[in-house]
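Next come two complexes, and both contain chain A; in the first it sits with chain B, in the second with chain C.
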Partner chain A sequence: MSFKSLLRDTSWADRVLFSALVAVSVAGIFFIRDVMPQGQSITIEVDGKPAYILPLDEDRMLSVEGPVGLTTVEIKDRKVRVTDSPCRNKLCVKQGWVGSGSIICLPNRIVVIIGNKAKKKGPDAITG
Partner chain B sequence: MQLQDKYRIALLSAYAIGIHALESLLPSPIPWMRFGLANVITVIALMLYGFRTAMLVTLVRVLLSSLLTGTFPGPAFILSLGGGVSSTLAMGLAAAVSQRLFSAIGLSIIGAFFHNMAQLVLAYFLVIQRIEAVLFIMPVITLIGTLTGALNGLVAAMVIRNLKKDIIEKMTVD
Partner chain C sequence: MNKEKTLLRVVSALSSVFCILIIVLSLSACSPQKDNIYQKSKVLMDTLVIITVASSSESGAEIATNAAFAEIERLEGLLDFYSPESQISLINRNAGVSGVQVSHDVIELIDKALYVSEKTDGAFDVTIGPLTSLYDFHKHVRPDDKTIRKNLALINYRDLLLDNAGYTVYLKRKGMLIDTGGIAKGYAADRAVETLKKQGIQAGIVAVAGDIRTFGLKPDGKPWKIGIRNPNATNDKDEIFATVQLTDMAISTSGDYERFFFANNKRIHHLLNPKTGYPSEACRSVSVIAKEGVFTDAFATGAFILGPVKGMKVLEGMGFGGIIMDNEGKTRLTPNMRGKVEFQVAPS
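Take a look at the complex of A and B:
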């Protein structure tokens, strides 16, 4: 009674089943990763309310209307920057490309957040 | 049900519960990932004594294990019951289609696959409710399940072979 003789006792159906399941699942691991890039998204909030939720891996530019004027946001290579803003000190533009965290333009009340954290609303905690 | 069957089911269930308990003591890289060694007993029960015995052993094992670990009416129990019943059903069907088509290894792989699928579906409704997370994890679980299922089947095949050899030896001695 040896390991080899046990393997010889497997039927053809066993081997077909085993190979098929391994092949399909390995293919599936790569396929699903392609179809559904568990990619991060960015959330753009205007005046505290989420205005846009965009995928981070699609390059694009867009203008967001704030109370002061239009803020232009650019997404490229999984990074975000504010290219133009109507505010005075342009801190958001100076911040440059950002790959994580957030860009905040206070005068125009626009917040660009990488990730879906903006969904969290309400108080952090209630005690007592 | 004959008395002999009752003893047999009780003994096999006890083995399964013992293996299950020992296995839950082993550390695992991912919390919910287990080897599923208790399925070895189900495969042996199915191949040596038939579907009825295998299903009863599974039911007794799931019920008593959950009572012992204190998960009885909770989601963990429902997951365990769903996985156990559907995997035993699938293995029973595969064995009923043809005795020669699948060996213990093939049956064990089928059992592992249906166990995982049933648990994923139940987990989707009970806990996760995010279809993309379920789809994402499905091929990974299938791959791990196929590998562990094949190894479990190998163990079952060894046990069955030894049991049969014992029986034949006893008969020739007598």
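Take a look at the complex of A and C:
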């Protein structure tokens, strides 16, 4: 097949339609990427304000500064834990690895929230 | 030539199908009726407050949520037992001296607290401050028995005088202390929901720790699904032992696993019996469902202290929903909750 023969055997209406269809299809690739969920993330808030939004599927360790000092957060194998924090009772550290929900260090005003809006198979809220 | 035309037709057909798919997705994404769910959290009242709203715009959700957080922060300023500037602290400093004029919010809350104190025969007692101030769950401090006995004499909700007309509150004896810790979070959740509604939000959840108030339906038309924490949880997978579906209702849970430490192999938790001075041991978890968070919060505490049998009786008498797990792991439901609780862990 040659491009020239293709052009010869089609009408201008065919060519316009074909061009429009290809253009919309290509645009659709970007559209779908935006509306479909891309996986989970974690949000780290300090004093109620988001400080970090990180992908859950990239292992890393980071220190987050709160009013009392540095809280160290580790992400590994799609789970999160606090390895160190300047609070007295280290409840956030003792919580260990968490795959969903949140880890809170109240004295240092740090909240680590695991998951995003796209993941909603669990309850909408937890009491107790 | 025929092959070329066929190929052109096939490519056009595939592109058409793809385009139809794009158009359908576009229509659903741009639908004016579909709200999205937005969630934001903030540390207030010494705990995590999570506000979830359904809204057609992110900016609208943000404005409404921030207004609700501001309302909770305002109430915290009035009610904080540990803040010298709060109105509760002002009342406490003037115990045995004089009545104190307070705001409408404080009068309303104390009025409701007295109501619950009476209905639970003092199992919930808003004058429990002389006892709660002896324990420190951050520093793992528990008082000695002699100090407990001495301070128990200062606890009696009948010695708290309220003048609804003059907006004054008076504690009759020096040393008495009001502590609204067992009721304030539920009250704050109610007020936050009122704020969200005034901002035009028609559906959402305000969760002040485990004191939760729901309103409206989710964008998919379903009620909100609320999980009840499992007192016996060992990992993420059994974190929830039951769920309920709620709309325009509140739920609160009092549990012995929320704030505690171990001393001499005994669990010392924050749900203290105002009559004995020690943590109540008959229940592990009490969940109460009712219209208002102020009552679910306070009655959950009161029912926990009363124990599974008396507690259940009080909840039934109030027409509330109740889910009680006792210290042997046995779960009881009020009759109006039968068939409405989905258990993730089989109840015993």
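Everything below uses one rule, namely that the second predicted complex is superposed on the first by the 78 of 128 C-alpha atoms of A that agree within 3 Å, B and C clash if a C-alpha of one lies under 4 Å from a C-alpha of the other, contacts with A are read in each partner's own complex, and residues count from 1 in each chain.
Here, contacts are C-beta pairs under 8 Å (C-beta built on N, C-alpha and C of every residue); 3 or more make two chains touch, one makes a residue touch a chain.
Since the structure is predicted, the reported quantities are computational estimates derived from the model, not experimental observations.
Peer 1: Go through the superposed model and pick first if A:Leu21 touches only chain B, second if only chain C, both, or neither.
Peer 2: both
Peer 1: Give one of first, second, both or neither to describe whether A:Ser11 is in contact with chain B, with chain C, with both, or with none.
Peer 2: first
Peer 1: Touching A:Val111 in the superposition: chain B (first), chain C (second), both, neither?
Peer 2: Second partner only.
Peer 1: Once the structures are superposed on A, label A:Asn89 by its partner contacts, choosing first (chain B), second (chain C), both or neither.
Peer 2: Only chain C; A:Asn89 stays clear of chain B.
Peer 1: Determine, for the superposed model, which of the two partners chain B and chain C contacts more residues of chain A.
Peer 2: C
Peer 1: Which chain A residues contact chain B in one complex and chain C in the other?
Peer 2: 1, 6, 9-10, 14, 17-18, 21-22, 24-25, 27-28, 31-32
Peer 1: Would you pull the chain C residues touching chain A in the complex into a rising list?
Peer 2: 1, 3-5, 7-8, 11-12, 15-16, 18-19, 21-22, 25-26, 29, 36-43, 46-48, 50, 52, 69, 138-139, 205, 207, 210-212, 214, 218, 224-229, 231, 236, 239-240, 243, 251-253, 255, 257-258, 285, 287
Peer 1: If you look only at chain A, which of its residues touch chain C in the complex?
Peer 2: Per the stated touch rule, the residues are 1, 5-6, 9-10, 14, 17-18, 21-22, 24-25, 27-28, 31-32, 35, 45, 47-48, 88-89, 98-102, 104, 106, 109, 111, 113, 117, 120, 122-128.
Peer 1: Enumerate the contact residues on chain A facing chain B in the complex.
Peer 2: My answer: residues 1, 6, 9-11, 13-14, 17-18, 21-22, 24-29, 31-33, 36, 38.
Peer 1: Mind pulling up the chain B residues that touch chain A in the complex?
Peer 2: Residues of chain B touching chain A: 100-103, 105-106, 109-110, 113, 132, 135-136, 138-140, 142-143, 146-147, 150, 153-154, 157-158, 161-162, 165.
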